[in-house]
Amino acid sequence: MWDRNEMAARAAKEIKNGMYVNLGIGIPTLVSNFIPNNIDITLQSENGMLGMGPFPTKQNVDPDLINAGKQTITELKKTSYFSSADSFAMIRGGHIDMAILGAMEVSEKGDLANWMIPGKLIKGMGGAMDLVSGVKRVIVIMDHTNKKGESKFLKECSLPLTGKSVVNSVITNLGMFEINKEGVRILEIAEGSTVDDIKKSTEAHIINL
Amino acid sequence: MWDRNEMAARAAKEIKNGMYVNLGIGIPTLVSNFIPNNIDITLQSENGMLGMGPFPTKQNVDPDLINAGKQTITELKKTSYFSSADSFAMIRGGHIDMAILGAMEVSEKGDLANWMIPGKLIKGMGGAMDLVSGVKRVIVIMDHTNKKGESKFLKECSLPLTGKSVVNSVITNLGMFEINKEGVRILEIAEGSTVDDIKKSTEAHIINL
Amino acid sequence: MEKVFQSAEKAIRELIFDGMKIAAGGFGLCGIPEELIDALKVSGVKNLTIASNNAGVDDFGVGLLLQTKQVKKMVSSYVGENSEFMRQYLSGELELEFTPQGTLAERMRAGGAGIPGFYTKTGLGTVIAEGKEHKDFNGQTYILEEGFFADLSIVKAWKGDEEGNLIYRKTARNFNPVAAMCGKVCIAEVEELVPIGSLDPDNIHTPGIFVNRILVGKHEKRIENRTLSE
Amino acid sequence: MEKVFQSAEKAIRELIFDGMKIAAGGFGLCGIPEELIDALKVSGVKNLTIASNNAGVDDFGVGLLLQTKQVKKMVSSYVGENSEFMRQYLSGELELEFTPQGTLAERMRAGGAGIPGFYTKTGLGTVIAEGKEHKDFNGQTYILEEGFFADLSIVKAWKGDEEGNLIYRKTARNFNPVAAMCGKVCIAEVEELVPIGSLDPDNIHTPGIFVNRILVGKHEKRIENRTLSE
């Protein structure tokens, strides 16, 4: 079983030198902690920034400098700022190499649900619908099951979708999975987890199981 | 009969304080010479500049600073530069108050032809199609007749159009005309010209003639 | 044309009416037109439709106008940090046109650029696409989104001059440049009004043609999520 | 990812192929990628489709590639200053997709922004509208124009850094920022390569994400129409 940090570390391995990457709120934010020093990437923040730096020290907090999660951050030497329209031109125009996002549900066809639970919780899609439809590769990090132990990796999503057939890879506490036209394939099983654990916790059909 | 400068001076009278104006190549360029000092306007150049200044002195020529006619120009204190996309966002989005353009032909419905003579001369529409479809008011300055003495103010344009029902006012050597839904109306007759001169030189139907 | 106004109250006067459509700049509490929002609150103008990516928080930003029930409809991508927003929406008191963040930014730009509609892949296969025209280009399906046109734009910039030329600072730029474009009238509040000629003409983010009125405001710049490095 | 190349010849190598689509920045002879145009000429690549507002003049700018008959088709708004361009078009040797200047700029931006089509009033009722879809919005008719997607973008900037961040100078900006967006690969030639961190992050006109390769060029900057005040 991977914990939050191990999931983030696994996602970090997918990031290659020179990539432009957008990290979602939550566990995806942790991914930047696991990028090796010899890998130089550029983080995009969809509120209008390329080259996002780490969180600030107390002295460096700047209310005009936040990320898409509204957290205070810092800039780097290579940073550029731009409008929301230009930011999403990058995202929707296919210029971002990878987005790593959280999810409520993922289906075996790569459908993603992560923005609302009807009647209960509404966050809004923010930039997620734009990201999943525009970015070259979409990786989801999520717990394999919800608090009740029900699978979040489903045949069909039950919640309103963020995007249809948009997820390329899924990283959960149990392992890493690839979704393509043939279906879902296990790429890697988390240390301490077994094929049986995955079988029990997955509703989606896995072709190499 | 008005000469080039008198036509330009007549057009200048239509320009009110605070206006954003785009002047076409040729006689329209002369209009800026006739704007009184107490009228503060901003000239837009569609290649990406707001606040166009006069032509430079020999010492101030800058190859990076030209207008839409590719002429060297200068900047003012209030000048801003932007991309062609942003420039035409201004134009097409209706933010420019007035465009003053030349014409080969104008019809009584306000159709304008000024970009090509099939098989003979092709300049291209440049930004003219964008200007006539986006700017709040379009004024044409042209000679009333061509070199053969044939009317350029027609029932229907014979040349390929730049825009349909786009011209609001026409200033020729014979006078100034307004085009609206009712038709063409003489607003002013040039000093030294007569109603008869206009009658003889105009194919378009004029409702107050 | 005098563009400089002495206060937000004076700047909005004669421009506001019940039922009007407003486009507001800002992302969360960052780069929001604080004084103009206050002036709208004080004015009591009602039944507003406001396009704004978020609605601030309960007691700051556009959230203030939700508290006073001056808003009939929001056009937004995110409700997350505003419990009153979520409550009014779930109870049916407030209309909400959920619009993906990039689609919202593009709709504002389109409105300002004379583009009544454009195609995008964003939202395809989701509730966002329901009832919208679908069209194929090069074998892929896209949906039609419409340009957003506002009666009034309210934006916040860092510096501005008397011509209305604006520059923004860091991520406080966000939706402000596109919000500025799509209104019939645009009012900008700035931290500093500088003399004409002091802004670099190569680096003006919003040319003055888009700005009809400008005023200097005081800005609390409240921080929503102060996150520090360890 | 090393973006800096030592010459235009090296920068275009392995990227060019006969029949390719190129988007070029520049307006007239102002802000044109002089060295990249020369490198394309020297390479002998053929049957090009080039989207460029003009084609320079007969012996400078994109006109050089017309002289050598390397161009199959131009996508342009203006032919006026290039007699060879006009001659080739009138004789049928060259295809020309006449595109209004604003539509061309918007098509390039759209291509770069993932927008396959948008509606505009420009060209309505003219030959430009023939064969294009017409659609009404709020009682007015518009025509559908398509995003422009290029295999390669060639642009000229004033300064750039190793990340590919670019800034332009005065009206030499023109089509360069949008041309840079719409290519699968974009090469930028700059007058000066500056260290990372020396460009103001608030004032970067083209963020490095749009630029794949960058080189320093020498620029003649020929003036097309030297007009002086009296």
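Chains here go by letter, A, B, C and D, matching the order in which they are written, and residues are numbered from 1 within each.
One rule holds for everything that comes next: a residue touches a chain if its C-beta (ideal position, glycine included) is under 8 Å from a C-beta of that chain, and two chains touch if they have at least 3 such contacts.
Please read these numbers as outputs of a predicted model, since none were measured by experiment.
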**Complete:** Overlap of the subunit B and subunit C neighbour lists contains D
**Prompt:** Suppose you hop from subunit A to any chain it touches, then on again the same way; how many hops at least until you reach subunit B?
**Reply:** 2
**Prompt:** When A-D is set beside A-C, which has more C-beta pairs in contact?
**Reply:** A-C
**Prompt:** Distance-wise, how many Å sit between the C-alpha centres of subunit A and subunit D, to the nearest whole number?
**Reply:** 35
**Message:** What's the distance between the Cα centroids of subunit B and subunit D, rounded to whole Å?
**Reply:** 27
**Request:** Compute the distance, rounded to whole Å, between the mean C-alpha positions of subunit C and subunit D.
**Result:** 32
**Asked** Where in subunit B do residues touch two or more other chains at once?
**Response** 75, 81-82, 88, 91-92, 134
**Fill in**
Among subunit D residues, those touching two or more other chains are 106, 109, 113-115, 120-121, 168-170, 173, 201-202
**Request:** Using the contact definition from the top, classify how the chains connect: line, ring, star, complete or other.
**Result:** other
**Chain pairs in mutual contact under the definition given at the outset** = A-C, A-D, B-C, B-D, C-D
**Fill in**
Touching subunit C in the complex, subunit D uses residues 106, 110, 113-121, 135, 137-138, 140, 142, 146, 167-170, 173, 200-203
**Complete:** Within the complex, subunit A is touched by subunit C residues 27-31, 53, 76-81, 86, 89-90, 98, 100-106, 108-109, 120-128, 158, 168-178, 205, 221-229
**Asked** In their shared complex, at which residues does subunit A touch subunit C?
**Response** 45-49, 54-58, 61-67, 69-73, 75, 81-85, 87-88, 91-92, 111, 119, 122-130, 133-134, 160-165
**Prompt:** subunit B touches which residues of subunit C in the complex?
**Reply:** 1, 109, 111-115, 161, 163, 165, 181, 196-197, 199, 201-202, 204, 207-210
**Asked** What does subunit A use to touch subunit D in their complex?
**Response** 17-18, 20, 40, 42, 44, 50-51, 75, 77-82, 86, 88-90, 92-96, 134
